[in-house]
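Consider the two complexes below, in which chain A is the common component and chain B and chain C are the respective partners.
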Partner chain A sequence: MQTFRVEGRLLRILFYAIISGMLFGLFFALMSLGLNLLFGVMRMVNLAHGDFVMVGAFIAYVAYTHGILSPWLGLALVIVILGGLGFVLYFPIGPRLTGSYDPEMLSLILFFGVSQILEALAVMVFGNNPVAVGYHVLTVKPVNLLGQAYQPSWILAAGVSVIVILAVYGYLYHTRLGYATRAIMGDREESESTGINVHRVSAIVFALGLVTAGLAGVLSPLVIGSIYPTMGLGLTITAFAVVIIGSLGNPLGSILGGLIYGISLMLMETYLSTWSTMVPYVLLLLILLLRPTGLLGKGVRRA
Partner chain B sequence: MSHKLLEVTQVVKVFGGFRALDGVTVQVDAGEILGIVGPNGSGKTTLINVISGLYRPDRGTVHYQGRDVTGWNPTRLARRGINRTFQLPKPFKSLTVEQNVDLAAHYGKKGRPGIADPLEFAGLSNIRQQSASQLTTAQQKALDLARALATAPDLLLVDELAAGLNPVELDALAQKLLFLAHQGMGLIVIEHLLGFVNQLTQRVVVMNAGREIFEGTLTQAAENPEVVAVYMGE
Partner chain C sequence: MRPTQPVLQVKNLSARYGVMQVLWDVTLEIGSGERVVLLGSNGAGKTTLLKTLCGLVPAMHGTILLQQQPVDALRVDQRIRRGLAFVSELGMIPTLTVEENLVLGGYYLSNAIRHTRIAEMYQKFPDLWRQRRWAAGSLSGGQRKMLAVAKALIARPTLIIMDEPSSGLSPLLVQELIAILRQLDDGSTAFFIAEQNIKFLDLATRAYVLEGGRLRFTGTVAELHADNTLRTAYFGLR
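== the complex of A and B ==
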């Protein structure tokens, strides 16, 4: 009798770790999707990716300090602000980078600079201390599922992530612009000769990359707690791990990578919590050793 | 004043210290096929890359339908009616054969009539729904031709499309290119197979080291001492 009860409890804990890992992982899939899109379409390595997540988080913070207790306005603001910024910002930098002799290396350096600037600006405006965004949903009672309590905030974050990811997939696989985007991922020169306006499509993708990062930022108080101007660096590294686990240049890979990352992280937090922050790095090393092209990779990476 | 379809004048293209094109002048009329032959590295593909906008020439001009299009990007030229095939075609592998061609028709055509069914023309109508990642090299080349034709070009630049084809396929391809010229399209055909070029046109430019060393018929070329020297070695 005694052992049965213990086994049942262990099983429920394992089940909890997996389900919460999936919720967590979906958020991280969204958080890293843009990094993968930018690399796939433009061969840009966006080292400032996490900082755009941070910008999204502080947009939400500003809305919150003006008395908006739900994340929806923050999400809408991010789409408008980062979408517009991304589209406009592409034209002075994108064509030069993609036309250069080594877009990957040069973009790495460029976005390192962007990252420093964004961090410095955020510190100047909001200060160095972590701030909290107290969305109303954070105060809602945990949801009971099969004997375990789950945070409604996590469910909301995962739900919004799924919707955004599905929207990006709808764009990529069910619109003509999405076909054109995938054509550019295939080959830039052929795309140009096909009459596709490569730079306009790239600008849209650049905007999409910043928007998905920013949306993850708005959701981040729901998943990772308080926000601060230097949070970007850690997020960039996590996003790189997620993207490489899935496979660089393949947006589908981000979802797989996110789920694997989320579930492994939660399993570690459950059973070996002091080691859990090592998860992204260990996964990254394992993948690079065992399957350098990522789980969904086809060996197309030239980096 | 009437213009030629394409007038390339004294075009120079330098890569580092290497003059890939060293003052090339060629002209093509509508409905005409110009053959370009020459040894590897003589600048044939570079010339096509300059005309199609992939490279910006360092000197010289490209006029198309009487308009100066020097330095235009490939997208703009494709929409204006200049298209090309690639020596190493890279079809969009995440799309089907048909989607590859639909994209070209949607983005490149811009109101010109063009061929009704480029896939049928290229002999790919039985694999429309197949993923472009599963094509053989010959099918990839055919798809590249269909993609170029879907943009309804007035000027088609053909870069070694015949490589690797058997005699029957070569003959069929020659008939197709002649048909396109007959429809009023101007063509520049780069080819190593002289017999194939002979089937297409009497007007041939022989290139060597970035310059034209001969223009005329293939038969005359065979009697020209400089051409013979380039081909046979001195």
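== the complex of A and C ==
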């Protein structure tokens, strides 16, 4: 009887780790989706990806401190600001990079610079200290499910992530522009010969990549707590791990990678919490050793 | 036999591929509804010429007129909207389904027209209908060519430029492809086909021969057949 009760508790903890891992993982799937889109369409290695997440977070923070208390309005603001910025920013840099001899290496260096600039600007404006965005949902009582408590903020972040991921999926697989986007991922020159305006589509994808990163930024106070100007680097590394686990260049891979990352992280947090920060690196190493193309990858990809 | 209403006029076109110049002063003309073959061996500059016409490779100098309008300053997609279609050796996007490829063929059409045209293509090519949800890359060589042709036809272009349609096809499938192209002849679309395979001459009325980036022969197919030097030099025929 005693053993049975202990086993029941262990099972409930395992169940908790898996469910909360999925909630966490969906957020990380969204957080890394843009990195994958940019690489898939433009072969751009966006080292500043995490910094765009940070920019999204601080847009929400500024909005919050100016009386816009709802995360929904923060999300809308990010779509407008980062969407516009992405579309405009693409034209001076995108065509040069994609037309260059080695877009992957050049973009890596370029975005390293962008990352440093964004970080420095954020430190200048907001200082070095972490700040909190006190969304109302953070104060709501945890939700009980099978004897375990789940944070409503995590559920909200995961829910919004699912909606955004589904929207991106719908765009890619059910719209003409999405076909064009996937065509460019498949074969850039062939897409151009077909009559697709590759730079227009690329600019849209660039904007979409920044927007998804920014949206994850708005949601980040709900999942990872306080925000700070240098948070980008860690997020970039996590995003790379997630994307490589799933498969670089395949947006669907981000979802699988995010879920695997989230669940592994929560399992580690539950059973071996001191080791949990190593999870992304260990997963990254394992995947690179066992299946370098990622779980959904087919051919060998560079970068 | 001079074409009366040219759909394509090229004057003194030169182009390079990377750092190497591969085309010198190419001048040619394709009439409305005409079928013209561009013969040449590997490395003669055929693909570069076609890509320059489409805008995939920038011209060094010379002019290109599509339906009497200069298109030199236009992007590829803008040239395609003006009635040009380019069927590359690959001819389709392997990672997309057959249907998605056909949608891209009619990218600039309205939804209703695109829908009707795709349905027409399915009638013409029932194989494509059966495999419409398959990845184009999983089709057989012959079916891929069918898809490439169908994709090009959807926008009803005035000129289709094809790069080595026979590549990767068995001799039997080449015959089949030629038969399909002949069947499609309704006089509204001109074809400019770059080939090494002289069987395609059966399809054409006129031919150009490209050698070392320069045009070596311009004339009717009958004249080409009569031209002994060319026959020996390029095709090893006697």
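The rule is short, and it goes like this: the second predicted complex is superposed on the first by the 300 of 303 C-alpha atoms of A that agree within 3 Å, B and C clash if a C-alpha of one lies under 4 Å from a C-alpha of the other, contacts with A are read in each partner's own complex, and residues count from 1 in each chain.
Just so we're on the same page, contacts are C-beta pairs under 8 Å (C-beta built on N, C-alpha and C of every residue); 3 or more make two chains touch, one makes a residue touch a chain.
In this text, all values refer to a predicted model and were calculated from it rather than measured experimentally.
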Chain C versus chain B on the shared chain A, clash or fit after superposition: clash
Touching partner for A:Gly234 - first (chain B), second (chain C), both, neither: neither
Touching partner for A:Gly147 - first (chain B), second (chain C), both, neither: neither
First, second, both or neither for A:Thr194, with chain B first and chain C second: both
Touched partner set for A:Gly8, first chain B, second chain C, both or neither: neither
Touched partner set for A:Arg182, first chain B, second chain C, both or neither: both
Common ground on chain A, meaning residues reached by chain C in one complex and by chain B in the other: 176, 179-180, 182-183, 185-187, 189-197
Residue numbers on chain C that touch chain A, as the complex places them: 54, 56, 75-77, 80-81, 85-86, 88, 90, 92-96, 100, 103-105, 107-108, 151, 155
Residues on chain A engaged by chain B in the complex (per definition of touch): 176, 179-180, 182-183, 185-187, 189-198
Of all residues in chain B, those that touch chain A in their complex: 52-54, 73-75, 78-79, 83-84, 86, 89-95, 99-100, 102-104, 106-110, 144, 147-148, 151
Footprint of chain C on chain A - complex, ascending: 176, 179-180, 182-183, 185-187, 189-197
